[in-house]
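Labels A, B, C and D are assigned to the chains in the order they are written; within every chain, residues are numbered from 1.
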Amino acid sequence: MEILISIKPLLTVLVPLLVIPILVSSSQKPNVREAWIFGAGFVMFFLVASMVPAVLSGSKIVFTLFELAPGADIAFQVDGLGMLFALVAGSLYIVTSLYSIGYMRGLKEHGQTRFVSFFALAISATMGAAFSANLLTLYLFYEILSLATYPLVAHHEDAKSRISARRYLVFILGTSIGLVLPAMIYCYHVTGTLAFSTAGIFAGQLSKPAATVLLLMFVFGFAKAGIMPFHSWLPAAMVAPTPVSALLHAVAVVKVGVFSIVRVITGIFGVDLLAHFNLGVVVMVIASFTIIVSSCIALSQDELKRRLAFSTISQLSYIVFGVALLSPSGQLGGVIHILMHAFGKITLFFCAGAIFVATGKKYISQMKGLGRQMPVTFAAFFIGSLGVIGLPPTGGFYSKWNLILGTLEAGQTIFMVVLLVSSFLNAFYFLPIVYQAFFGKGKDDLSGARVKIQEANLCLVLPLAITALASIGLFFFPQMFVDLITLGLNL
Amino acid sequence: MKFFGFVIVCLTGGLLLYGTMDLPDWGDPGSPASTHLSDYYIEHIVEETQVPNLVTAVLADYRGYDTMFETAVVFCAGLACFLLLRDFRPKKDRYFRHVPTGVMLHFKNPQTRLIAGNEFEHMDKDWVPSDMIIKTVCRILIPFIQIYALYVVAHGDFSPGGGFQGGVIFGSSLILMAISYNLKTLVKRVTEKFLSVFAALGVLIYVGLGVAAMLMGGHFLDYGMLAPLLPSDPGHIRALGMLGVEIGVGIAVMAVMVIIYINIVSEGRHDEGL
Amino acid sequence: MNNMPAILVLAPLLGAFFACLAAWIQKQLSYYIALAAMAVSCFAAVSVLTDVITSGTMQYRMAGWAPPMGIELRIDLLNAMVLVLISAIAFVNLVASVKNVEQEISDRAPSFYVMYLLFVVGLLGVTATGDLFNLYVLIEITSLTSYTLIALGDKDRAPLAALNYIFIGVIGASFYLLGVGYLYITTGSLNMADVAVILKGIQGSSAVLTAFILCILGVWIKMALFPLHVWLPNAYAFAPVGFARVVAPLMTKVMVYVMVRLMVTVFGLEYIFETLNLADAVVWLAVTAILAGAFTALFQKDLKKMLAYIIVCEIGYMVGGAWLGNSLGMTGAILHILNDGLMTFALFLAVGNIIYMRRQTAFSDLSGLFAAMPWTMAGFVLAGLSIIGVPPTCGFFSKWYLVLGAFEAGAYHFAAALIISSLVCAVLFFKVFEICFFEADSGAGDHNPAKVITEAPVSMLASLGLVSVAIIAAGIYAGTIVDTIILPFLQ
Amino acid sequence: MSDILPLIVAKYNFWLYIILMMIGLYAMIAKNNLMKKLVGMNIFQTAIILFYVSIGYKHGATIPIIQGGHGGHSAHDAVIHAADYINPLPHVLMLTAIVVSVATFGVAMALCVRIYQRYQTLEEDELRMRVSERITHE
């Protein structure tokens, strides 16, 4: 494998960071401010994209920033896995920026400059996490991301957001300091390195009980992944403005949590070690539990964003589940679900936000018949649902397919049942919404009069249409991403 | 608290006594303390500095750096008393005595002024007429005390004495004046500005000598380097340097003693008090 | 001959007396003299540090006498670093505090500056000296000045707090003096290096043990290690803020330095960890200190008090780290001297700004601060995160070494205490952040919900900004600091 | 017992000073009146000073002022024996320590005056009461 030294990963992280002072100084001129955001978004995306060919050709791009101690430095590395994640986050950032303009202006939110600044900080941290070369760097960006999203969750500055923000912080910061930090330092103490390597870093220095404890500390410690019982921050964090929920709580933040777990399983422990101790099953049990229980909870939620949140929790566990299968197809299915779920879920959140801006409705029970008023939105919602459930013609099908294949490969037939059951549950909590929206009768249109089409403004509709179409596109062209994952995980 | 204190005292005392077990006997000429540095000082000081009083030599030369900070500590104490207690607000209740008649006047408003010139005297509330005998004796004594103080400073090199001792004696002569007459008499003669300038100046003489040595190319406080500046034979130069330093110390200590006294007895008002 | 080590101490000393004289001419002059003196000292400290890094330990013979006879300044990597820290903080604080001093003690500001300079002289002298008794004299200068300056604070309670501090401080200093007495009786010398050589031959002596215990106890009292900390919270909370800012970060840190110096240079680590069996007990004491400090801080209702207890907690970090008995722990402790100095300074700078604008620091007075003083709060948040130990702030990296050292020594209770205190600090700081963020400023009035920015003067903000940058820089370059300063020192 | 007695006799100076020190320390901790505490502090420090000074003593030696050392040339004439003079160093150190203790005492006195001005008492329990009264009043 060829190793290239390049400053590009650092630049990718720095671009959104450097644009923050400009955003702050142009707070009186919203248009200028928004232009800068797009500029930064595109520059960042092109930087990421420019590294794709190199990564696809099997090279690895590295850049070391600072050395703390041997084996533990602040360093970047771009491999297939990180590239996949960076592509997802980078492309969706641009779309979300467009969406948030429509949303924030549509609702005349306060503190928009603060909002976009911390948004940029959050995306910078996400990129950093994607390109981390070792656990220390990953932890660094993980923490920055936690703190950058705090003001976003607390955006409304009222009692409800105060409680939610507090819960968010207690779970995220508490677990990362209380579990990940000691586990990480212990790893360093044992091995003297924290750099990711597909063979794992332990090389037989770990007994089974120690490995189990460490693994559990990591899996629960990265609470952004929403593994139960550390999931309840996510529904609470839905008080944030919808763009935050969309990008951060469907894509960036939660996926960083899952991504960290994937990194730990594949890069720190290594597949062989876990297979040797048979620890994959432990993680799978935890993930399965989360999948089923949160799906059931999602069924009972009436607030759309909360239902989406619980759905997210269960979908995140798919990824963890897939990686913990330790079989090639399972890992492929799990990791590619990062991509597929991101596009599906962000579409759903965009729709929820668009509905709220256009009609002020938050609850599913109020949405009967709304599909005739907002056909584009609900069509997108339908596509997004299909993606999350895992039905063709959306990319979600591809990941679900591989996951099920993986369970068969690993010989874990019981867990296949889990996947199937949860898919049914997914269908149960999404499809009725769409059905009711198009064919149900709301209170207002008892008269049967023809409803006027009344979509939200273009800034809102365009992004959700784009992501919905992308979701379908991924069904037909997943090959590049499959290659990235295969390279990244050495499958 | 009493029991707690007792326990602490017992523990500390026990530790200290335990420590004495391995200490050399009292007055043992062979103990490390009496041989290692001590022998060097006793045998080499006169040769190196021409100062027969070893304590002065070690104090002002070998450990002159320590002594400089010691003087700074004294300065600190004076400044601390000033900072903590000095009160510039005039006192509300004031008493005046009409000197020819001995009548006392009590003013409750600080703004009130007396027009008559020298006939009135600002008084303490619990004023007692000063005793003739005490006044006279002190008046005679104070100059002698002060001369003695100067002698102690100047003779620190050869006999017991030095800047600290001399300074304290000088300061106490001034305090004696305040006690035998009253505080106002002292404050009138030795103003606050005078004292504070002298306190700083005294330490400054010390540090200045050291810096001068440094400017002449030596180490800080290396009096030997002052030879070109002082009219003396090179052998004596360290002794002269020490004398200069002792004078500085004396000035500072004298001023600070008086500052502390004045501030504490008058609660910072500099008008009434002992 | 390089006179820089002497100049470093003498510049503020001379400055103090000139400032005292100048005050009789023009009050303002004394401030500028103080500023100039500190600038010179700062410059000298930096030049000494670079010299020591390039050409090794510096010795400066006071009055030209060779070491055991005369007093020497002995500056190696450790104290060079601490000297830079002290002079830099003292200088920056002088810039930042001029307005606070005007506000709090306007009528005797010149005397304040004189005292302030003498305090700094004491700290610098303590750090630079190579003589045990000289150390005592200089400790007394710092103590005497700090008693006085603390008493200038809160009119009602500061004198009492200061008097308590005197009693305990005198006991501490006297213990140290007694310890030096025992050392002198057994070795006949006062020079640290000389004493260390002689001590190697008489390690079994009960007198040496007593001397060691007395010295260390004395230093512990002065640094306020739990349970000898009772004087600290009141003293620091009631002190005038211009002084609290410099005494809080520096006084305890310098005492930790003295402890490290006594352990490493005078008594020798071999003696402490191999001949004596105290290390375990001391680490447990440190654990208690950390937990007690952190949990007592939870119950405080005033920002200054809370910070004071956090200092108590941080002292536990350093003492525990130094007594772990391995070089990682010692590295962490030494690094934490630097880092904690910076963090505490930044926190108190922010507190000073708040006091300047609001006069009060009770939690109930902090509402709406994020809106009113965004820059001050940005610095405060950064310092708070550093105390919590979030990367890339410097607090994380010293914690890293401390936990690593704890693992290596098998002191898992110490590692646990560090993690728990981080969590408690997170609770503490986010409690404050919440109050400042969510609760609207009652003073601003309801009719004017638009946020009025009432920031502190530029000089104060610039200082805070500078220290914030230093916090990040110390974090990023933690590896460099360890490699160039701490590890060479320990070898 | 027979071992300890000669030990005490040989080092009785230390024992005396330690007892004195402990008296001072006890007063500092246990006394209620601030002035008494200050007096205890002084006793404590004075005991340390005595402790140090006693280190300097040597059997059969005199004060450390060299006989006939004045004048520069006479030093060469008479050979100086270290055993004839006591150790000057502890005296030097204690001169410093005395000054420090005086300075500390001065500052402490000034603080006492301040406290008395404010609270009209120097008894610790009463002070505590008045401070807490003041806080509850607010």
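Everything below uses one rule, namely that contacts are C-beta pairs under 8 Å (C-beta built on N, C-alpha and C of every residue); 3 or more make two chains touch, one makes a residue touch a chain.
Being a predicted model, the structure only gives us computed values, none of them experimental.
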| item | value |
| --- | --- |
| Common touching chains of subunit D and subunit B | C |
| B-C against C-D, pair bridged by the larger set of C-beta contacts | B-C |
| For subunit B paired with subunit C, centre-to-centre distance based on mean C-alpha positions, whole Å | 32 |
| Approximate Å spacing (C-alpha centroids) for the pair subunit C, subunit D | 28 |
| Chain centre separation in whole Å, for subunit B relative to subunit A (CA means) | 74 |
| Between subunit C and subunit A, distance of the C-alpha-averaged centres to the nearest whole Å | 43 |
| Residues of subunit A whose C-beta touches two or more other chains | none |
| For subunit D, residues contacting two or more additional chains | 25, 55, 89-90, 96, 100, 103-104, 107, 111, 114 |
| Touching two or more other chains - residue numbers and ranges from subunit B | 16, 20-21, 23, 33-35, 37-38, 41, 63, 66, 70, 73, 76-77, 80, 84 |
| Touching pairs among all chains present in the structure | A-C, B-C, B-D, C-D |
| Of all residues in subunit A, those that touch subunit C in their complex | 65-69, 72-74, 136, 139-140, 143-144, 147, 151, 154, 157-159, 161-162, 165-166, 169, 173-174, 177-178, 181-182, 185-186, 188-189 |
| Subunit C contact footprint on subunit B (complex, rising order) | 15-16, 18-24, 31-38, 40-41, 61-66, 69-70, 72-73, 75-77, 79-80, 82-84, 86, 88, 193, 196-197, 199-201, 203-204, 207, 210-211, 214, 217-224 |
| Complex contact set, residues of subunit D against subunit C | 25, 28, 34, 37, 41, 44-45, 48, 51-52, 55, 89-90, 93, 96-97, 100, 103-104, 107-108, 111-112, 114-115, 118, 127, 131, 134 |
| Subunit B-touching residues of subunit C, taken from the complex the two chains share | 1, 3, 6, 10, 13-14, 16-18, 20-21, 24, 60-65, 68-71, 107-108, 111-112, 114-115, 118, 121, 125, 131, 133-134, 137-138, 140-141, 144-145, 147-148, 151-152, 159, 178, 182, 184-190, 198, 205-211, 213-214 |
| Residue ranges of subunit B touching subunit D (in the complex, touch as defined) | 1-2, 4-6, 8-9, 12-13, 16-17, 20-21, 23, 25-29, 33-35, 37-39, 41-43, 45-47, 50-55, 57-59, 63, 66-67, 70, 73-74, 76-78, 80-81, 84-85, 158-160, 164, 235-236, 260, 263-264, 267-268 |
